[in-house]
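Data first, discussion second: the structure below is written as structure tokens.
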Amino acid sequence: MTIRILLFASLRERTGERALTREVAEGTTAADLLAELRRDLPALRASGRISLAVNEEYCEPERLLRDGDEVALIPPVSGGRGCLQRERSE
Amino acid sequence: MTIRILLFASLRERTGERALTREVAEGTTAADLLAELRRDLPALRASGRISLAVNEEYCEPERLLRDGDEVALIPPVSGGRGCLQRERSE
Amino acid sequence: MLRLTREPIRIDDLLSAVGDPAAGAVVLFVGTTRDHNDGRRVERLEYEAYPGMAEKEIERIAEEATARWPIARIAVVHRTGVVPIGDASVAIAASSAHRADAFAAARFTIDRLKELVPIWKKEFFDGGAVWIGDQTGRDGSWQEPAVVKGSPS
Amino acid sequence: MLRLTREPIRIDDLLSAVGDPAAGAVVLFVGTTRDHNDGRRVERLEYEAYPGMAEKEIERIAEEATARWPIARIAVVHRTGVVPIGDASVAIAASSAHRADAFAAARFTIDRLKELVPIWKKEFFDGGAVWIGDQTGRDGSWQEPAVVKGSPS
């Protein structure tokens, strides 16, 4: 499966990459992909918390990837309040 | 002592008076003056709550009047939340 | 900028008045004339003020807000006279380094203003007019005046 | 009006967008670039967005605010690119019949936006630049990513 990966802000600057394309095996989760990326891109290891989005939506780490998915690595957003947490009340 | 009295909004319209001048005895309080006015101006009796200000400041009913004071009769203000209450927390 | 005006309120003037390079947050409240109230269709509103006292009370409230929260600047403008539907009758702007303070100060200021500042609103609707807040006692009898507890410091 | 822009934010456009004859209250929040942060003198800020997702998240937050409070209209504009000191980086306006709802919805929307919308702020100060929020672990070691609990409805 082909996955497109987007990097933003500090992650983009540290890795020198704005977008990557990777081939992953069937059954790969978002967390698996992030683990692979931090293995291959040492610059990612020095980063703080990273959240993940698949196809422009925040996702759980166990989310199974599909061919053609766009995965974004999301460092803390501009509020600067630390980690992202969607705490929907509904 | 000469006291100038101001009426606003519904009080002004009901009484047909915007300002009055009255002579009052030494020792007259703001509440005394209001009692005199409602005796003389029946239109005031049908009004709701009235707060009092002396020289552009809210006052207690027992406030002693002085010659030349300006007393305002203040019907409920535009917030429409009923009576006026200054609840300063300091 | 703490004042009454008979002209339309210019929001840009309030925002400029509270602009401060040290302030990262501005909160603006605008009260506008609604086209309905209590099930009536409102045609226009008219505001009457006790001008000297109204401006003093506005200044006092602004001082109190400034003492309570670390705000940079505050502006309050209230319009008097006829205010057409959709126009602003009152606007309040507060700036501060952090948004929580700007929100709190703006909210406090409009709440206090509505409670204390001697400005009265007359609502003109189809078939009549009424001074808002001017409800008589249930039986039409005299009520003790509501007096102010605690004099200002 | 829910969008990103690279141009200066025009506050009047937001106020027009939320204007509604049935709404008696408008609350506007404006976030501006401060000249200092953490004791540093800030020269300018630069905002980078993940555009598609940022706009989707803004829409989602606006929908949530509209579901929670009886607001008439809401507008959210976030600027990206370089934002000079004193300029607005984000503006939110909410209108409603009553002011409590407009205040609550505006406050909720900016809080949620700062927490969730994928827009990043780089602060340029005398002698350097830093991405805000990009703190590494104390010992420089890898931290588990913060993942999102609960998927949107």
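Side notes on the structure shown:
Letters A, B, C and D mark the chains in the order given here, with residues in each chain numbered from 1 onward.
Everything below uses one rule, namely that a contact is a pair of C-beta atoms (placed from the backbone, for glycine too) under 8 Å apart; a residue touches a chain by one contact, two chains touch by 3 or more.
Just so we're clear, the structure is a prediction, and the values are computed from it rather than from any experiment.
Under the touch definition stated at the top, chain B and chain D share these contacting partners: C. Chain A and chain B have Cα centroids lying 69 Å from one another.
Inter-chain centre distance (chain A to chain C, centres taken as mean C-alpha positions): 48 Å. For the pair chain C and chain D, the distance between C-alpha centroids works out to 27 Å.
One simple way to say how far apart two chains are is to compare their mean CA positions; for chain B and chain C this gives 22 Å. Chain D has no residue in contact with two or more other chains.
Of all residues in chain A, none touches two or more other chains.
Pairs of chains that satisfy the touch definition comprise A-D, B-C, C-D. Across the interface of their complex, chain D is touched by residues 11-12, 15, 19, 21-36, 85-86, 97, 99, 102-103, 106-107, 110 of chain C.
Those residues of chain B that touch chain C in the complex are listed here as 6, 8-10, 12-13, 31, 34, 38, 45-53, 56-61, 72, 74-88, 90.
If you check the complex, the residues on chain D that touch chain A are 47-48, 50, 52-53, 56, 64, 67-68, 113-122, 131-137, 140-153.
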